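Next come two complexes, and both contain subunit A; in the first it sits with subunit B, in the second with subunit C.
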Partner chain A sequence: MRRVVITGAGSINALGNGTRAFAEALRNSRCGIAPLTLFDASGYRTSCAAEVRDLTPPAWLKPAVARHSSRSDLLALIAAHEALAQAGADSAASGLGIVLGTTVGGMPGWEEYFRQGLVGQRRRRHAVALTLPVSTSVDVLAAVFGCSGPRLTLSTACSSGSNALGVAVDWIRAERAPAVLCGGVDALCRMTFSGFNALQALDAVPCRPFDRDRAGLTLGEGAAMFVLEEREHARARGARILAEFLGYGVSADAHHITQPRPDGAGAAQALQRALDDSRVRADEIDYVNAHGTATPLNDVLETRALKAALGARAHRIPISSTKSMVGHCLGAAGAIEALACIVALREGFVPPTLHLEHPDPECDLDYVPNRSRPHAVHTVMSNSYGFGGNNTSIVLRGVG
Partner chain B sequence: MNHTELKKRLKRLLVDGLKLEGVDPESIQDAAPIFVEGLGLDSIDALELVVLVEEQFNVVIPDEEVGKLAFASIDALAQYIAQQQRAQAAQGGA
Partner chain C sequence: MRPIAVTGLGIVSPIGIGRQDFWEALCAGRSGIRARPNVAAGLPRLAAALPTFAARDFIRSPHLRRADPVSRTIVAAARLALADAQLTPESIGPERLGITVGSVLGDINESVEYLRRLFTKGAALVSPMMFPNLVLNAAASYTAMELGCTGANLTVSQGELSGEQAIAVGCDLIRAQRADVVLAGGGDTLSDVVTATYRRFRALSGQRGGTEWSSPYDAHRNGVVLGEGGAMLVLESTDAARARGATIYAEIVDHCSFGVAAPPYAWPRRAAAAAPRLRAFLERTLPAPAGVDLVCGSANSSRRLDGCEVDLLTRVFGEAAAGVALTSIKGAIGEFGAAGALTAVAACLAVHHRVVPPLCNFRRPDDGAPFRFAQRTAESRRIEQALILGIARGGATVAMHVRRAGE
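Presenting the complex of A and B:
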C-alpha cells in the first residue's frame, strides 16, 4: 500500500500564529483560554473561550480577497499558507487536492449580518451572504493557491478535522492525487456558544479534562492545515518529511444525537480499526492525544475505550488533552491535535493536560497533569469523538 | 446636485459602502480605474456596488455589459448616473 507522509504544516489558534508558536506554547504548558471578546457573552454560563487574538489579514493576501473572506476563510488561509510554504510544492502545477473539515463555515459573519438587520442598520455588506456555505473556505483556498485537484468539505462535528486527514490519505492511497492540502478550521460564533450552553456542556472555568470535578468543555477556534503526500513522490522531489501518517479508523455509535455510548464501545472500535489500518500493535503506541473534552461523559468513556483497545499498554503510556490549552475547536480540533502529535514526535516531549487537580477514580491513567514532559515518542495516536458518535482515531509515526 | 458633488458622494459611497479599510475618499482619482487595478475592487464588490447605486440613486445597472462601462471609473459612474436620472426625469413628466 502506498505510504503517506506529511511535508508541510500550518497553524493558527489561541496559542498563537504559526507552528513554531504552537510548539513552544505546548512545551511551556501555556493556556490559551481567556474571557471572550468577540461578542457579548453575558447570559451564557461562561465567558471562557480560546480565541484567536488580533486576527488580521496577512500582508500577502490581496485586499479584495481579505475583504470578502469570512473569519473561517482567513484562519484557513493563514494555516494553509504556512503549510504550503513549508512543503515547498508548486500547488498550481501539482494537481493538489484539498479536503477541509469544518462545522460552522461563515456563520459568525452571518450572525453579525442578521443582527445588524434586526437592529435596523441601514448599510450592511451583503457580500457576506456568499461566505455562509461551509464549502466556501475550500473554494477560497483553491482560488488563492491555485489548486487544481479534487476538493471536498466534510463535516462530522468534532471529528471533522481528523476525518479530513483520513480522506486525504484515502485519496493518496487511491492515486486520486499525489498530494493533498488538508485540515480543519472553525471560528467562534454565537450559535455554537448558545448550543453548547443550552446543552449545559460548557464549564464556567477553563476546562479540566479527566479531573474529578470537570464540568464541560471550553470552546476555541483556529485552523491546522497539512500537506499530505505520497511518500515516494515526496522523496523524489527532496521534500522534508515531518512525520508519516500510518492510518486511521472510524466508527459510528448509532446511539444518540449528542451523547456518546457510555461504554465507549464505538470509540474502542475506531481505535482498533486505526491500529489495524496502520498495521500497528497496541504495544507500539507511545502516546495518545485524547479527545478529552472534559465533559463528565467523554472522559470516562474514552478511558474505557483506551483500556479496551490498548489493554495493558493504556496504563503505561502518557495520554493528554490539549483541549485544556487550546480549547475545543470543533471542526479544527482533530487537525490541531494531529499537529500536537507531530510536535511530540519531532521534539521529544508530550504536552500536558492542564487544570488537572483532583484525580477521578474512574479516570486512572497517566494524563500528564499540568506540565509538559520530556518523553521520546515514535508512534502516536489521536482520538476525536464527534457529537452524535462520529469516532475517529489516527496514527502517526516519527521519522529519523 | 452638481457633477462635482456627485463624484464626491460616489467616492464616499465606495469607501463606506464597500468598507474599504484605510482608503481616503479624496485620494480616489476621477479617471482612474477602480476595478482590478487602481482600487483593486473585484466582482463581489461589483455586486455590492450595483445594490448601493440602486439604493442611493434609484438607478439600475441592468447587466454586466452596462456595468463594465459604468464602473470603469468614478467619472464613468457619475456620467452614467446623471444620464439615467435625466432620462427618468424626461419620462417622469408630472
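Presenting the complex of A and C:
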C-alpha cells in the first residue's frame, strides 16, 4: 500500500489567519467566539459565532478573481495558498488534484442576492448567481493555482472536510494523482444560522462540549487546506513531512435525518473502520480530537462510541473538542480538526475543551478541560459526524 | 485497475421510470422535453420535467412525508436498481452496502422556499422540518435510512459531472474494499432560480434566435433546454457478480478525471489541453488504440460544449473517428447537474443491447466533424467498448471506459 504524507497546511478561522496563529491560540487556550457581526442576529437564540473578522481578498489574488469570489472561495483560497507555499509544491506542474469538503458553497452571497430580488431591488450583481453550486470553490482554486488534476467536492454535511481528506488519500493510494490539495471550507450564512436556530441546536452562550449543562453548538466559519502526497514523491523532492495520513473510515447511521444514533454504533463503526484501514491498534491511539459539538445527544453518543471502539484505551488518553474555540465550522470542521491534530503531533501539547466546568456523569473521559496540556502524542484520531448520519474518522501519525 | 460490474439500473427520468421504460423511450427517439405551462410571453418555455410517479411505492411513510422531491427521486431510483440487480440489503449485508450520490444543488426549490419564509416571516417562523432537506447529502441519507445500509455514504458534487463523479467514487470504494456493493448515481431538479440563471446568461435555447429545441451535436443547435431526474446504478466486483450469476449490463473498466483551463463558470473554449490526457487514458485502458465503438458524450445543445467535445474527440481519435459512433441523450432528458448518471445508464444499456441510442432532433453535424453520429432512430451496431465523456463548466473533465461483459 502506498503511504500518504502531509507536506503542507493552511488555515483561516476565528482564531486567526495562518497555521501559526491557530497553533498559538490552541496552546494559549484562546476562544474565538464573539458576537456575530456578519448579519443581524436579532430574532435568534444567540448572537454567539466564531466569525472570521475583516476578511478581505489577499494582495496576491487578481482583482478580477477577487471580485467574483464568494466568501467561501476567499477562505479556501487563503488556506490553500498557505498550504501550497509550505509544501513548496508546483501546483501547475504536477497534475495536482483538488478535493474540497463544503456544505454551503456560495450561499452567503447568494442568499443576499435572493433577498434583494424578493424586495424588488433594481440593481443586483447577477454574477453572484453563478457562485451558488458547492463545487464552484474547487473550480476557482483550480483556475487560480493552475491545477490540472482531478477535482471533486464532497458534501456530507459536518463530515465533509474529513471525507474530502479521505477521498484524497484514496486517490493517492490508487495513483489517481501524485499529490492532492484537499481540505474543507464553509462560511457563515443566514440559512445555516437560522436552520440550527430553528432546530434549537444553538447554545445561547459559547458552546460547552461534554459539560453537564451543554445546550448546543456555536457556529463558526473558516477553512483548512493540506497538501497530501505519496511518501516517496515527497521524499524525492525533499519536501518537509508534517505528518503521515494513516487512513480513514466512514459509515452511515441509517437512523434519522438530523439526529445521530443514540447508541453511537454508527460512530463506533467509523472509528473501527479507520483503525482497520490504518492498520493501527486501539492501544496505539494517543489523542482524539472529538467531533464534540456540545449538543446533548452528540457528546454522549461519541463518548459511548469511543469506549466501544477504543476499549480501556479511551479512559487513558486525552480527548478534546476544539469546537469550543473555533466553533462548529460545518464542512470545514473535519479539516480544521485534522490541523489541530497535526499541531498536537508536532508541538507536544494537546488542545483543550473550553467552557467545561461541570462534568457530565455520562461523559466520563479525559476531555482536557479549559487549558491545553503539554503531552507528547504519536498517533491521533479525529471524528466528524454529519446530518443524515454520516460518520467519518481519520488517523494521523507524527514523523520522527 | 479491477473492472467493476454494473448489475442493476434504476432510473427516474422525463422519458420513463425504470430501466425498461427508459430504454424503450430512448431507443424510440422520444424526448421528455415539453412546453411548460404558465411561462410569461417571450421567455423560453421548454423543459424536460419528470412525470408524476408513485413515490410511496419506493419509500416508506415516515420518510415519504419528510423527504424532498430530489430525495424521493433518488430513493426510488435506488430501490429500482436493487430490484433490477435482484439484490436486497440483507443479501448484501447492510454494512457492506455503500451509497454515492452526485448532485449540484440538491433540492434547490426547498432552499428557495426556506429562504423566502426566512426573509418574509423572520427567523422565528422558519420550520425546523425544512432545514434538514437543505443539506446536499439529504438524498443519500434518506436512501441509507430507507434501505437500512450502514456502509460508506458519500455525496459529491462537480458541476455537470456530478453523476459521473459519484459513479467513479463508487467504483473506487469497491476497489479500495470499503464496500462490496455500491448504489451510485445522482439527481437534480428543475427550478425557477436555475432557469433564471441560465436565462440571465443567455444560455437557453431560443434566446439568441432560432427555434427553441434541444439538438446535441447538430449544426443548428442554439442553446440548452433544462431537465431533471435521477438514476442509480448497482456496482459490484465482476467476480462477485459472476459468482451469483447476475446479469452484467456492462463493466466499468476505469475512469480518469482531470482539469483544463477554463473560467470557473464557463465551458472551456478549446480542447487542446485535454486531448493528450484523454489519449493517455485510452492507451492505458483499451486493448487497441482504435477500439472505442461508441462515445456517450455530455453535449447539451450549447454551441460551446458540443463544439468542445467534438474538437476533443477529433484530436484524440484522428482518422479512426469515422468508425466511432457518437451520441448524447440530453435531447431526450434535458440538461441538469446529475444528468451524467443517466448518460452512464444509457452507455451500459447500449453495450448490453448493442444499440446506439439516437440523437433527438439531429440533422447534420458541424462541417468537418468526422464521427459516425447517431441518427434520430436507434441503430443496431457491434459495440464492445464505449466511452462516457463529460466536460463541466470550469473545465473539469471525466472519461469512463465501459465495455461489454464477457460471455
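As a convention for this text, the second predicted complex is superposed on the first by the 400 of 400 C-alpha atoms of A that agree within 3 Å, B and C clash if a C-alpha of one lies under 4 Å from a C-alpha of the other, contacts with A are read in each partner's own complex, and residues count from 1 in each chain.
The working rule: a contact is a pair of C-beta atoms (placed from the backbone, for glycine too) under 8 Å apart; a residue touches a chain by one contact, two chains touch by 3 or more.
None of the values given here were measured: they were computed from a predicted structure.
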Legend entry - Partner chain(s) touched by A:377 [first = subunit B, second = subunit C, both, neither]: neither
Inset, instruction - Based on the superposed arrangement, let me know which partner A:126 touches: subunit B (first), subunit C (second), both, or neither? - result: both
Inset, instruction - Kindly classify A:62 by the partners it touches after superposition: subunit B alone (first), subunit C alone (second), both, or neither? - result: first
Legend entry - Of subunit C and subunit B, partner touching more subunit A residues: C
Legend entry - subunit B versus subunit C as contact partner of A:389, first or second or both or neither: second
Legend entry - Set of subunit A residues, in rising order, touched by both subunit B and subunit C: 68, 126-127, 130
Inset, instruction - Flag every residue of subunit A that touches subunit C in the complex, lowest number first. - result: 43-44, 68, 95, 103, 111, 114-115, 118, 126-127, 129-136, 138-140, 142-143, 146-157, 163, 167, 170, 173-174, 176, 190-191, 194-200, 250-258, 266, 269, 273, 277, 386-390
Inset, instruction - Report the residues of subunit A in contact with subunit B in the complex, numbered from low to high. - result: 62-65, 67-68, 123, 125-127, 130
Legend entry - In the complex, subunit B residues that touch subunit A: 16-21, 40-42, 44-45, 47-48, 51
Inset, instruction - Spell out the part of subunit C that touches subunit A in their complex, as residue ranges. - result: 1, 66, 94-95, 99, 104-105, 111-112, 114-116, 118-120, 122-124, 126-128, 131-138, 140-142, 144-145, 147-159, 162, 165, 169, 172, 175-176, 178, 193, 196-197, 200-201, 256-265, 273, 277, 337, 393-396
